[in-house]
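These notes are about the structure you will find just below.
As written, the chains take the letters A, B, C and D, and residue 1 is the first residue of each chain.
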Amino acid sequence: MSCSYGEKFKITIFGQSHSDAIGVVIDGIPAGIRLDIEKICDFLSRRAPGQNKFSTPRKEADNPEIVSGLVDGVTCGAPICALIHNSNRHSSDYDNLKKIPRPSHADFSAYMKHNGFNDIRGGGNFSGRMTAPLCFAGAVAMQILEEKNIFVGAHIQKIADVNDKKFDEVNVTKSDFESARKNDLTVLDNSIEKAMLERIENARKNLDSVGGVIECAVLGLPAGIGEPMFDGVENEISKVVFAIPAIKGIEFGNGFTCAGLTGSQNNDSFEIREGKIKTKTNNHGGILGGISSGMPIIFRVAVKPTPSIALEQDSVSLETKSNEKLSIAGRHDPCIVPRAVPCVEAAAAVAIINLM
Amino acid sequence: MSCSYGEKFKITIFGQSHSDAIGVVIDGIPAGIRLDIEKICDFLSRRAPGQNKFSTPRKEADNPEIVSGLVDGVTCGAPICALIHNSNRHSSDYDNLKKIPRPSHADFSAYMKHNGFNDIRGGGNFSGRMTAPLCFAGAVAMQILEEKNIFVGAHIQKIADVNDKKFDEVNVTKSDFESARKNDLTVLDNSIEKAMLERIENARKNLDSVGGVIECAVLGLPAGIGEPMFDGVENEISKVVFAIPAIKGIEFGNGFTCAGLTGSQNNDSFEIREGKIKTKTNNHGGILGGISSGMPIIFRVAVKPTPSIALEQDSVSLETKSNEKLSIAGRHDPCIVPRAVPCVEAAAAVAIINLM
Amino acid sequence: MSCSYGEKFKITIFGQSHSDAIGVVIDGIPAGIRLDIEKICDFLSRRAPGQNKFSTPRKEADNPEIVSGLVDGVTCGAPICALIHNSNRHSSDYDNLKKIPRPSHADFSAYMKHNGFNDIRGGGNFSGRMTAPLCFAGAVAMQILEEKNIFVGAHIQKIADVNDKKFDEVNVTKSDFESARKNDLTVLDNSIEKAMLERIENARKNLDSVGGVIECAVLGLPAGIGEPMFDGVENEISKVVFAIPAIKGIEFGNGFTCAGLTGSQNNDSFEIREGKIKTKTNNHGGILGGISSGMPIIFRVAVKPTPSIALEQDSVSLETKSNEKLSIAGRHDPCIVPRAVPCVEAAAAVAIINLM
Amino acid sequence: MSCSYGEKFKITIFGQSHSDAIGVVIDGIPAGIRLDIEKICDFLSRRAPGQNKFSTPRKEADNPEIVSGLVDGVTCGAPICALIHNSNRHSSDYDNLKKIPRPSHADFSAYMKHNGFNDIRGGGNFSGRMTAPLCFAGAVAMQILEEKNIFVGAHIQKIADVNDKKFDEVNVTKSDFESARKNDLTVLDNSIEKAMLERIENARKNLDSVGGVIECAVLGLPAGIGEPMFDGVENEISKVVFAIPAIKGIEFGNGFTCAGLTGSQNNDSFEIREGKIKTKTNNHGGILGGISSGMPIIFRVAVKPTPSIALEQDSVSLETKSNEKLSIAGRHDPCIVPRAVPCVEAAAAVAIINLM
């Protein structure tokens, strides 16, 4: 496994869904920063389960316990270790999964990698729960970035066939993030919220699930950040984003759309605007040659539908190598897109802070 | 800059478009492997310019000179360094770009990063030419992977509005790669080749360019490969792929399509097939939880239209901070998608060999 | 700070002397290994304080709490996180040190690095206490190495002016380690133990301290291990050993002695012994060109006398920039060499396992 | 092999003694620095062979060819690649070594690591010649450090039984370096130079060799530099220094001497001197807790006698596994200590620049 990311702001994530605790070590935070713990908890609560009818009924406080790195609430230069305890575990729900892998889960691939010794309970270290420490790290990163007037925000751009409008890729502001977060679902256009909620509720009723797309923006990043060829802005954001389970694609700026355009349609002309060099459009998503251009960083990720569904599915027995039917019990979100929004923000923040 | 990637098969790329040479150091190759240099040259020639009417008229042999790491053609355990000399340089073509950045190029962002000291000639170290050493490394990686019956192949899945068929994500074979490479354009369905060539030719005539999509498959990778959370198969392939200039998006398996599906539509059931555990479908693109499932790895990348177009464009003067018009001289591909195909294969091979 | 080491067996250490807990995350342990926790605790107890009259009276159980990475005592492939709680803290002992740095401690250099925000209590993250998580990691590494018949052992080779005999560099065996550990001080020649204990007791009575030398051997390492130029056996052992506070030098084989010899005196001839290629002597300490030779790895480290002494010392005020007198209260070992023995073993084990 | 070191100033060294070229890639140099190439060549010439009667008669210009990273002599932000061509090769000298390993050389350990495929010619990539690219990188690092008033200098502190005086560890200055370099041997006290030269000449006459000790100082490093636990100043200097073949030990400050002292003898009191916080003595060698204290960094390394001696030696046949006699032909220094002086300086410079 490789549970560490980054050089300047290095995070090391540990734990399994049903171990005593999960957590993260953050190394590289300058000394002398007063962390706003309440703000971190607020951020974690955006990811936490049990918040509303369309997320899993498993309720966990997810309050982090910071065991090192702070003196009287201020960073001391030593690594921060934060623990999030795992209470409320129903490990017996997972007993039969040891033998019959869930379709589109990591059960089978992890079984092959770890010779059957992987922790199957709650998805082990492949659980979506492992994004909680990522969110802790992201929340810390954001507090440091915000001191430099860099802001990260994401919204649900699509669930099933219902689309939110996209960010205005040239003029997106921090207040766009803030209004979106006031809605039940983090959307820009609250006129589509009801339709999205219906898609989720329908999936729940049908013992099924739905996927979606999350769009994220990073504002205020100065031009000149990024370390190509291999540590450019796209390389690093992708590397962290794919640590979030269920993400299957990422595109920057207009992304896959550019494949159908001509150069004259796709190129972003420069102009002097308010005395500064800006591009008129932002098809490039704020990144040119792997380096920030000073325009908003914009990217979108595809989130697959929750693979744990209550409908009976076809699988196999790992023991007898025969075909089997599988019905998954336990508690699962019919749509993980809403809870993945802060995870995507956290991933972006962690990647960006490492490039600065 | 960050010009190195990998731990087990570490590559370090150097050079600029118009420096004396570009090249790559590869560390971690086991001793005792006889490299097939001719095969490496053949691979490089798939990327090389000047091959046909739709690529840049700049002709370069791109024959690598291996200055270290081999004894009588066999690896000796020391790092391999390969140089590719830059002949045929017309640096004066780029003189005015020092002052007026090309839209959707790295000129401006690199200027900001390097305080104006970046090498503007030929795009410097942001040039597509820097993919030649990546291809060298990829060709070496492929020779080692092929010994393990792992094969990497890509094709042009789309140019402008013309689509090739996609790989059969369950049954794709090595011979699919081989037939595609026999066509003028690397496509699976040669009935669409003429239309693609027309789109490129039209762009050229219009002093414009077109983008596209490349689809890549990795065959034979056993189940259990990948190091999540941060070094899973998706994380690593993405990290290397975004080292290729002009790539703006990547998706694995059905990618962004999964966002519109339900779990029951998207999940890939397991079954016993020829005595082995396989999935019936392969929406997951051969990767579950960041770990290979034993099914073909499938991913697609979006390639933007060549930003260097002969049409006059709006830009600015970096000196006077005023708006300017820009006409780009020099030699440029109206479509870089065909030459990017081996680069994507190389990126995949380098990422995969590092995970094994 | 940089609290991580290693690639294959990556350790990340966190905590301060007086934070809630200290601990370590270990990533890269194969799944399916049953850890012998009692053996780990035994190893930690060799480092723990309060064991006898010549170590600090601060008593801590140092029992690790393993919060992740195990299922029913067996590794599951996920990172192991072990916590060691800090009880028995007397933080007020350290109040005046915030202003007056202790000579030959990290107080001043850490103050300069962290702008005065470093955690001064108990030495913060510069405390010798931070070797406890290193020992945990080393104990785990040793269990894996022992499965491959590789054994690590160290002894006190010198305290003040009293010398233990050195390892027989050609014929040292595992039983040499075991007999040494049965003594009150880990020495090979117990006839010198009394004199060593007297030197320590004298230092204690004089409110002073004494230093020493520890010699360590790694047995059973096959020839061919090591990754020069930069990750050779000497490079890696040194890198980890200098993570132990108070180590000021390291030498391999005959070390500094070789500087006074001729080549014909220093060279280790090869011979066939019991059918295998061995060297007749082992001045090279089992390492040639950064790679193991199959002979025992032998190295020695210099441990400085405990800098915390009760005698009044000259220092300065960081606030007033004036000369000051300092008397250090608190609990301190008159000699840390005995407790450093398992730390050196742990460092060697962690370095070696990363090279395999 | 692991041929890369560093993050911020990353060097990647390639080549073998008898490959077409050896060289180094340096990544992370800021753009806009005019490199003084003549100064780099002067530095390389201090290491180069064939300079005087006590070094090997193999003469090589060692003039580096910089193939990338510069535009008109100024860094452009892209990695610098420098080649040093290998002329004057007598590979046949090494034919019998393929079968009979030289005592105290890497021949045997490399054979075991690389299954006999290692490049034996001239020592392959284990040759002292590989320090030439290290010196190139060090010379570049020093130019950047000198801009910050940080200076690195070393001298021969001992050859055989002849000792130079040591640096004044509190008051050493840059002019001490400069006067030492004016001598035939880089010594502080030129009254001992003749005796040292005699020891070398005697060794040569006796077909033997001698070792020695090099002492190095880093001046002007501000307090607060270093990243403990694992990337402290001692950890990093050691890691790079042990990349130089023949180094068998390193000690910082008073090093192994501290093992025989009491705390009250060894501790370095603080005092206010010229308005600044300094230590009265410098037994700690400028490093406390892995972090610079603002005092001169002082360390010494042990250099073993050249293992290649013309005297007949005992060895074995790798083919027949029988005892054999070996007489080494070829060209070898009777003492490599003089040529190792700039290598140690380069190692220190590369380690220090990575910590800043």
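Heads up, the rule we're going with is that a contact is a pair of C-beta atoms (placed from the backbone, for glycine too) under 8 Å apart; a residue touches a chain by one contact, two chains touch by 3 or more.
Computed from a predicted model, the values in this text were never measured in an experiment.
When the partners of chain C are compared with those of chain D, no chain appears in both lists. Traced through touching neighbours, the fewest hops from chain B to chain C number 2. Greatest centre-to-centre distance from chain C is found for B, with centres as Cα means.
Rounded to a whole number, the gap between the C-alpha centres of chain A and chain D is 47 angstrom.
In whole angstrom, the spacing between the mean C-alpha positions of chain A and chain B is 27. In this assembly, the C-alpha centroid of chain B lies 40 Å from the C-alpha centroid of chain D. Annotation for chain A: residues 1-4, 13, 110, 113-114, 125 touch two or more other chains. In summary, the structure contains touching chain pairs A-B, A-C, B-D, C-D.
By the touch rule above, chain B contacts chain D in their complex via residues 1-4, 10, 12-16, 19-23, 25, 27-28, 31-32, 65, 67-71, 74-81, 83, 110, 113-119, 121, 124-125. For chain D in complex with chain C, the touching residues are 1-5, 13, 101, 103-106, 108-110, 112-114, 125-126, 130, 134, 158, 160-161, 203, 206, 208-213, 222-232, 234-236, 238-240, 242-243, 245, 247-272, 275, 277, 279-280, 283-285, 287-294, 302-309, 311, 313-316, 318, 321-323.
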